[in-house]
Amino acid sequence: MSQPRIPDPALLRGLTQRRLGRRDALRISGLAALGGALAACGVKGKGSPGASAPAADAVAKFWAGKTSTGKLNFANWPLYMDPAHPELKKFTAATGIEVDYQEVIQEMGPWFAKVQPQLAAGQDIGFDLMVITNSIQFKQFVDSGFLAPLDHGKLPNYAANADAAYKKEAFDPGNVYSVPWTSGMTGIAYDPKKITRPITRLADLWDPAFKGKVGMFSDTQELGNFGMMALGVNPEKSTPDDWKKAAAKLKEQKSGGIIRNYYDQSYIDALGKGEVWITQAWSGDVFQKNVSDGTDFKFVIPEEGGTIWTDNFAIPVTAKNPLDALKLIDFFYQVEIAASLAEYINYVCPVPAARDQIRKDAAAKTGKDKAALEAVADSPLVFPAPADYARLHYYRSFATAAEQQEYQGIFEPIVLG
Amino acid sequence: MLRRRLAPYLLVLPGGLWLLLFFVVPMVTMLSLSLQQGDVVTGYVFTGHWQTYVDAVVNYRTQLVRSLIYGGITTVVLIVLAFPVAYWIAFYGGRRKATYLFLLLLPFFVSFVLRTISWRQILTDEGILLGPLKDAGLLHQEFHVLGTPVAVIGGLVYNFLPFMVLPVYVALERIDPRVVEAARDLYADPATTFRKVIFPLALPGVFAGVLMTFVPASSDYVNSAVLGSSSTTMIGQVIQSQYLTSSNYPTASALSFTLMAVLLIGVFAYARALGTEDVMKVAAR
Amino acid sequence: MTGRRMLYAYTWLVIAWLTLPVLIMIAFGFNDTPGRYNQSWDGFTLKWYGRVFELDELTRALVTSLAVATVTMLVAGALGTGIGYALGRYRFRGSGTVNLVMFAAISSPELVMGASLLTLFVSLGVGPGVVTITIAHVMFCISFVAVVVRARVLTLDRSLEEAAADLGANPWTTFWRVTFPIILPAVSSGMLLAFALSIDDFVVTNFTAGTTTTFPLWIWGSTRVGLPPQVNVMGTLIFLVGVAIAVTTSIRSRPARRR
């Protein structure tokens, strides 16, 4: 608070002394006029939409003269790595590069808004590597020219081990600016201690039996997608008309008092505290929560379908240690490292060969650990089969800024209601 | 002598310049930005687009009104809650006055955010307060305080209490005990003494307290974000989110400006309404 | 008489209510939680006190906060004292405007101040960071320092300065040997106020920080997934230091008042 914590009686006297009058109003307008002269400037943007295709020599130009510095700052989301960071320790042991790993991203909108002014000013954001979702903001990052074009000549493990499907994803064809960290599904998490019947459908999120105990995401894309899927609409191919219908459906959920709140990654804390019993959730979080806090939450992909998204490594153009970042990216594409990460986080692994590695790791263990690792290798959430993909929907991409603003304009008021 | 005449200006200059550059100018930039159009990628251009204000206020009128209502309720609750405390300390605190004031301020040595989060921990659905009551079957499993207006207003009252107690205390402290004695002799009835003498004399303190609590309470977003839910969203959260989630600067600026205008007009009107001769006389004492 | 006793009980009830969250915060610093986060009470431990600086980001955030608060205290202290002294000591054209701007800066919603600073920085193409945080903190602290100093200068006994002048001291000497020592308590309490405001600020900082993290910002960010007990320990330590400073300054200033 900008109010004093220890109000001094003298201060209070000072505050009570003056009364405002007409002359003060005149003074204010005088000051405003003075400032007016100073404020004619607009805010400059950094790019143009559709400028996604980089110049042919962009890669060479960016990487020319870059040298390894032996350190690296990595911005990631919570619940995306074993808290002991075993993979990073191995990386440091192998390369001598120190990694400062920070869990500072909890939602894409706030992350973009936070770094945008710094990147637009050409300043270092303090991070050389970040993990960003293929959402609205991914396009904003690319269109603004904030992402460094990757030098694939330095990513041999990626070339050798990544799932071919990832090399032609619509949001970044040819992986010009990004390679996947991991993919995941958005589905439903619930607490079986509070909800005794099995949860299978999206409609369960609208069930009045859970009044005041339902959580949804505050991210407009995540939220809108579930509204559309509940109406049987595929979000990827949705029209503004579908958005309005979905918004009405979501408003119904809210005005009925069914919704407790709209969350970023804090939904997992809310679930842990019993604030919500059932909530929109990301596939791997629940497993990690169960492991680290001894809870017993369940995660399901609803019958109507869930969404699949990809979180991606990206290097900001202002990174001080981009070469070290690139090395780390490639390190995570070693089969053993990819396997070790997937074993803990339970998100979709972009390295198919990691499945056999996990089975091998399981064979070396006994009892409960063995069963847990075998479950990971067989989990459709980590290695989805084609039939699983059939139930999953992709995010809609927006061709123009106007289209995206229209979408935001429809769903934002629900979250901010 | 010239140096003497220049002295106040030289003293004011550095600080005044700072306030001009980082308080006055930003307000004007914000006004300018609220009239610009564009998006965060391609940039914003000044177009004098007033419609942004209309749209912003229409879309978020619920939150705007809700914030003013929450702020108003908070202020009223604060007056009711704080007056007896200030009264007791001022008239019966004796030599321990400073100690009591210090105890009232004690929690404010803990970070504001941390204090609010601590309330969240206390009030959480299955926490130390509600958990045992639910286990004992005294409350429904679904019962919750967090996420309700009660929790948000409670948080606001908690965080702003000292800003009401202190000014009221200062005003009461200034009352000459002989005036109260004389009043007792004249009216005899303590209730009348309070109503006709003590309360009017404490009004400047209440006035200052309202000024110090209503504006920050109505524009707060931390309490609602930590203790509230989607049905308690305040305008501060909307502005925060427009700036720091959507990067929608024109709408955010328009809303900030509207909020500021509403609050400042309120403050000015309030100051003028209470700035009558009587109050002035009391304040001057 | 019963009315008086009820008021007494009521006052203590309010004090208890105000203190409850602080006690909870302190208690959870001793919580032997098995996971990374504090959620329910799991027994008493002192281990978090030994591991208070274990989280690098949190420690860094605290250091940033302390650095910003120190610079703010010094700069706002100097600039605010200038304004406060001028307003209390001299009558000059424009003093009304200065008063008004200060009144506006004190009574403006923090949110609006933070937001408007962000628009300024965005418009100028300046990236937010430690510098912008400090600029913002100095801005909202100046007025508080000035108001405190002005109140003291207004009650200044002019005859002391006149006596000094009569004894042959030039204005400069008079200021440093006579006036300044008298207003010093106000200046230092204004500066302490600035320090306290700065280290606790969340709202304005949130708008002007970019990716820089201060102590309150770190708490805010980490509360999304759960608060580690180290935060409670640091909160407790800051609380104790603050209380200690407040107690010593009030004891030190007491004999002076008696004189």
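By letter and in written order, the chains are A, B and C; residue numbering begins at 1 in each of them.
Here is the rule we use: a contact is a pair of C-beta atoms (placed from the backbone, for glycine too) under 8 Å apart; a residue touches a chain by one contact, two chains touch by 3 or more.
Small disclaimer: the values here were computed from a predicted structure and weren't measured.
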item	value
Set of chains whose contacts include both chain B and chain A	C
More contacts between chains, B-C or A-C	B-C
Farthest-lying chain, centroid of Cα atoms versus that of chain B	A
Centre distance in Å when chain A and chain C are each reduced to the mean of their C-alpha atoms	35
Cα-centroid distance, chain B relative to chain C, in whole angstrom	17
Residue list for chain C, restricted to those that touch at least two other chains	101, 104, 110, 113, 118, 122-123, 200, 203, 223, 246
Numbers and ranges of chain A residues touching at least 2 other chains	1-2, 5-6, 13, 15, 20, 31, 39, 41-44, 114, 273
Shared interface positions of chain B, touching two or more other chains	24-25, 27, 29, 32-33, 109, 112, 127, 211, 216, 243-244, 249, 267
Residues of chain C that touch chain A when the two form their complex	34-37, 39, 56-57, 96-97, 99-101, 103-104, 106, 110, 113, 118, 121-123, 125-129, 140, 144, 147-148, 150-152, 186, 189-190, 192-193, 196-197, 200-201, 203-204, 210-213, 221, 223-226, 246
Partner chain C, residues of chain A touching it in the complex	1-2, 4-6, 8, 10-11, 13-15, 18, 20, 23-24, 27-28, 30-31, 39, 41-44, 75, 78-79, 83, 100, 102-104, 106, 114-115, 117-123, 125-127, 264-266, 268-269, 272-273, 292-294
List of chain C residues in touch with chain B within their complex	3-4, 7-8, 10-11, 14-15, 17-22, 24-25, 28, 38, 40-41, 78-80, 82-83, 85-87, 89-90, 92, 94-95, 98, 101-102, 104-105, 107-113, 115-120, 122-123, 135-136, 138-139, 142-143, 146, 199-200, 202-203, 206-207, 215-216, 219-220, 223, 227, 231, 235, 238-239, 242-243, 246, 250
Chain A residues touching chain B - in the complex, by the definition given at the top	1-3, 5-7, 9, 12-13, 15-17, 19-21, 25, 31-32, 34-36, 38-49, 107, 109-110, 112-114, 116, 140, 143-144, 194, 211-213, 254, 257, 259-262, 273-275, 401, 405, 408, 412-413, 415-417
Of chain B, residues touching chain A in the complex	24-25, 27-29, 31-33, 36, 38-46, 59-60, 62-63, 105, 108-109, 112, 124-127, 141-142, 144, 146-147, 159-160, 162-163, 166-167, 170-171, 204-205, 207-208, 211-212, 216, 228-231, 233, 237-238, 241, 243-249, 267-268, 271-272, 275, 280, 283
